[in-house]
Amino acid sequence: MIRAAVLGGAGYIGGELLRLLLGHPEVELAAAVSSRLGGKRIDSTHPNLRGLTDLTFCAEEELEQYDVLLLAAGHGATMELLPRLAGHAKTLIDLSGDFRLTDPAVYEAYYGLPHTAPELLGDFVPGAPELAREALRGADRIAVPGCMATAAILALRPLAAEQLIEPDVTVDARTGSSGSGATAGPANTHAERSGAMRVFAPAGHRHEAEIAQSCGVRPTMTATGVEAVRGVQVLCRATLRDGVDETAVRRAYRRHYADEPFVRVVAQRRGMYRLPEPKVLSGSNYCDVGFAVRPEARQVLAVAALDNLVKGGAGNAVQSLNIRMGWPERLGLEFPGLHPV
Amino acid sequence: MIRAAVLGGAGYIGGELLRLLLGHPEVELAAAVSSRLGGKRIDSTHPNLRGLTDLTFCAEEELEQYDVLLLAAGHGATMELLPRLAGHAKTLIDLSGDFRLTDPAVYEAYYGLPHTAPELLGDFVPGAPELAREALRGADRIAVPGCMATAAILALRPLAAEQLIEPDVTVDARTGSSGSGATAGPANTHAERSGAMRVFAPAGHRHEAEIAQSCGVRPTMTATGVEAVRGVQVLCRATLRDGVDETAVRRAYRRHYADEPFVRVVAQRRGMYRLPEPKVLSGSNYCDVGFAVRPEARQVLAVAALDNLVKGGAGNAVQSLNIRMGWPERLGLEFPGLHPV
Amino acid sequence: MIRAAVLGGAGYIGGELLRLLLGHPEVELAAAVSSRLGGKRIDSTHPNLRGLTDLTFCAEEELEQYDVLLLAAGHGATMELLPRLAGHAKTLIDLSGDFRLTDPAVYEAYYGLPHTAPELLGDFVPGAPELAREALRGADRIAVPGCMATAAILALRPLAAEQLIEPDVTVDARTGSSGSGATAGPANTHAERSGAMRVFAPAGHRHEAEIAQSCGVRPTMTATGVEAVRGVQVLCRATLRDGVDETAVRRAYRRHYADEPFVRVVAQRRGMYRLPEPKVLSGSNYCDVGFAVRPEARQVLAVAALDNLVKGGAGNAVQSLNIRMGWPERLGLEFPGLHPV
Amino acid sequence: MIRAAVLGGAGYIGGELLRLLLGHPEVELAAAVSSRLGGKRIDSTHPNLRGLTDLTFCAEEELEQYDVLLLAAGHGATMELLPRLAGHAKTLIDLSGDFRLTDPAVYEAYYGLPHTAPELLGDFVPGAPELAREALRGADRIAVPGCMATAAILALRPLAAEQLIEPDVTVDARTGSSGSGATAGPANTHAERSGAMRVFAPAGHRHEAEIAQSCGVRPTMTATGVEAVRGVQVLCRATLRDGVDETAVRRAYRRHYADEPFVRVVAQRRGMYRLPEPKVLSGSNYCDVGFAVRPEARQVLAVAALDNLVKGGAGNAVQSLNIRMGWPERLGLEFPGLHPV
């Protein structure tokens, strides 16, 4: 048993970390920090945890020593916090956007503010087991990718890595409302957000930079909020290189993901759930990846779906921790999702 | 053409007033007041109005003289506002809770604050055409009932008026999220409110007092927020008096509502939409009313459904205005609702 | 490890049994019967099971010997099937309505057809751990209660058992669409069912009979389909007996459920989730139970929520099996539900 | 007053025709044909029409002479029906896919069956006022375009007509469940379709052919079913030609749509509803069109939204009829949509 602490535990990614760590057989959830809710029970914010714990939120100042500290704070804030919190744990896993990009200039371009700890960027290993499993084994600084980025990277990586596609790709991302966090505001009230198809990022979404960095492609991404609480789906379009056909595409996906515990290739010719869809993934750590080839147009459509709070955040963090600790990779992440839901 | 002004036009009831008045052939929408959005276009808040108007919100201080002033402000605030605004129009139609109850003691019991203008309570006629059509013809002070109250009153009135039921009734009200207004807060974010079945008022909801006042019954009411933006449905249970059977019940509803332009009796033995349901009423001014009798238990279930922003608010206000002005009662209220939706 | 077979595995309760048994450490899922889908992979119907199993549906005729056979077929059909299937397993767990009621006359009154195996009714123990834990320990014929019945029984039982309430109670049940099963029909298409508040049973719902039988009350029940896929919530109203106050009520709930692994008492004075709500229970085996007392009316409102496919069906079956086998009661049922969702 | 008949009145497009024609001041709805529901009241299928009409469905054989016959039957069936029904009215308006494409070879390629009345294809004028207003003035054969096609065409036409973009475009279409019609089937049950992000057409959707025909572009289209009953949104991506900037794009949209009664240009820099979104268009005949330019990538994103049953079908038919008859174009189509909803 190791001792873990979560910072930002009142948010949605934070709450999902609490759920997963409370159910993890090798982890003791020792502390959950909330600047706003100090002293309140964590199950008063996350009612699904009732009966599982009597833990209350604490203030940052009350943090002690832990084996691992997971940070689910906002971008901008995290690069300020991290240096001062680093002493509380040997292993830090950050779920913000602050330590995902290796180039501080790219960070500034996409986040609109200069990076205040550029010297630390090189310390971080991506919390993306499919990309960085070996590096994660010894990692003590882990930066979990963004939810839409994870989906797009897992959709595009086999094609990009095997040079099956041209570098210009488009990414049409759709996301549920939990992706914008737990803070109330005019744009996320139920009456306004319900039934939405809201193109909140017609261009230049931050996750673009992560996709470019991880896949070596030039993505143009749009992001649309659709009716769902959890769930991300991406549709990526690329031009196939000369001579690449459906067989080559299928083979690339199979090869890359044959041994992955949490990536399933879903690309069927018929059936209701023939391509990846997030609704059956709620609560699970799977990312489903599929594709459709349009040979006459030399185009491939790569589709991926995941639960933005799990494989798009907290689950990827726990999977990375499992690898870091040498535990079985599926430990604490066995929930397969529901049907129907 | 008369000139109308709306106060509280940035809210949801206010926005619905703007929509209905802009489409009303006898009304010129002359002003919309918002304390927060002065100078902004009303279609920036209510995007459904794009192309219909160039009106901008104004401040209360900019109000001039109008034929009618409709107030869609909060309870508590309205009883402060009304005396000072009364000079701006001959006819005032209030949609808050402040002038619905005739007894200031009941107001204080249900709203938790003393009424500051009790001397005005007697001036108000209920903005409820089915109850007060004659009184509305000359009325210059009109108080539109609450949304759940309107549904319950229309469901129970025929039974109570004809003394078919015992006075103790229960009311199970279900409501969409727009009923709690446009202000963002933790309880109405999409992620928390989506898919809810939230018993936000297990007892003592304010609309109870209106039902009691209008029907002479002793209601016990619960209110539950369910997944919907618009829509209220009430299930009212009462005990039938000796000798009352289904025929008597049906006859009472038919008699009361045969000539009502906006109440339909929906009580079929089979079919999908055999009892009233709000989804097909969105945007319409109908209140559908139905019932089911359980003879062996001497019980009647009375069901009503409406759009809380229309028949439960703005539409009832416009219908009352039509009566007040001697216009055809359906004027500007012809939209029948959609199917499917 | 015991070997289990599921009949009716293509349905929603059946699919949930498959999910739970595949994740159960002491059970080998050996067969899933579907009359319609023989030879097809079970994950083609239940896409959440992809990667967990290669099992295909088989025909009833292919059934062999198992330790336990779980039946998720329709009512009416099951009483025909059961005698002929009984030889395939020592332990039978039925999830239909056919063996829940002890009195065949009550069955006929509520189901509209005579019971064809009345001599077997006495063999069945209710698959309701909170009511029949001791009897379940040796039981080889188990009949799991209906979903809305389970919620209402758990809400009312402490009050009825301790004689805190009068026998006449009303039950207002709300349910998601999965409760009506997987078969397509006009009433459950998405366009018609979406956003519904459909009073499909204004009186005489079958689960009434189960509530009466288990609690010794006289229930009048209505059932409404609301917008949700999973989830049942019941609001039960009863009159408190003389001298019964909120303290007595709270004490009764605490006493009955203090040691129950899957019943939580949720009755808070404030907060968003102050009373039970199904959305945070999706996929979990919890039934949350709460109450609100209205002393001046001598009324109590008892509220319960659960996932109709889990605690309202498959989960209760597995919990009963755990008890039957002497295993820890939470085995295979640890998933706590999600927030937000 | 002219007399109109609707064939296929039990479907969703047909029901919307009934609603619009019942509310149209110049049209008498004289007949509604349903092969399945002959003799049943039309309001038993379309409950929103209760109180507006006592009309019952009739059989095709009962059709008499009308001024206009609107056909809302399926593709394939319509090309068989139309020659035999043509004698019943001077003016025919078809809402199926059978007479939209001018080239029978393209029809066969996209619909998978040979066209049985290719000689009639040339008679039809597109029921698309923005494209064919002049031709519609005298037209007696009108073919209303597909819902997603209408959205994409209105999004792309100004750019294509003014040669601002390269011919290769991608179209990401999202649609609500009503688009797949009223017939129940496994894929459109509420439990399976709810919360979906279902890529049901990864390539080769039929509406592609219409977009190509009307805009002279080479579209690659995907279609995804998302959670909504009504509503279509398309995201179209194209490469800007050399020297084309945002100003040129904005000017093209303004010029094309300045005088259009039912196309609004929605392309704001900020705000919640800055780009077109179908939810505020439910029931309305608007198509909102917007765009975002990404200069460094020389890309334009063109976005359009509409109600698939109104501007994507029945509303476009009525608007075309208004033009055909020389009536004001907005007649009977004034409903502006709701907010919030």
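Lettered A, B, C and D in written order, each chain numbered from 1.
We adopt the following convention: a contact is a pair of C-beta atoms (placed from the backbone, for glycine too) under 8 Å apart; a residue touches a chain by one contact, two chains touch by 3 or more.
In this text, all values refer to a predicted model and were calculated from it rather than measured experimentally.
K.L.:
Which chain pair is joined by more contacting C-beta pairs, B-D or A-B?
P.N.:
If we tally the contacting C-beta pairs, B-D comes out ahead.
K.L.:
From chain C, which chain is the farthest off, judged by mean CA positions?
P.N.:
D
K.L.:
Report, in whole Å, the distance between the mean C-alpha point of chain B and the mean C-alpha point of chain D.
P.N.:
So the centroids are 35 Å from each other.
K.L.:
Roughly how far is chain B from chain C, centre to centre by C-alpha average, rounded to an integer in Å?
P.N.:
Taking the mean C-alpha position of each chain, the two centres sit 38 Å apart.
K.L.:
What's the distance between the Cα centroids of chain A and chain B, rounded to whole Å?
P.N.:
Using C-alpha averages as centres, the distance is 45 Å.
K.L.:
Of all the residues in chain C, which ones touch at least 2 other chains?
P.N.:
12, 178, 182, 186, 191-192, 194-195, 229, 272-273, 277, 340-341
K.L.:
Note which residues of chain D are touching chain B in the complex, please.
P.N.:
Counting only chain D, the residues touching chain B are 12, 15, 19, 22-23, 44, 46-52, 178, 182, 229-230, 264, 266, 271-273, 277, 280-284, 286, 288, 334-341.
K.L.:
Which stretch or stretches of chain A touch chain D in the complex?
P.N.:
Result: residues 170, 172, 174, 186-187, 191-192, 194-199, 202-204, 220, 222, 224, 226-228, 231, 233, 235, 237, 272-275, 277-279, 292, 294, 297, 299, 301, 303, 305, 340-341 of chain A touch chain D.
K.L.:
Considering the complex alone, what residue numbers of chain C touch chain D?
P.N.:
12, 176-178, 182, 184-186, 188-195, 229
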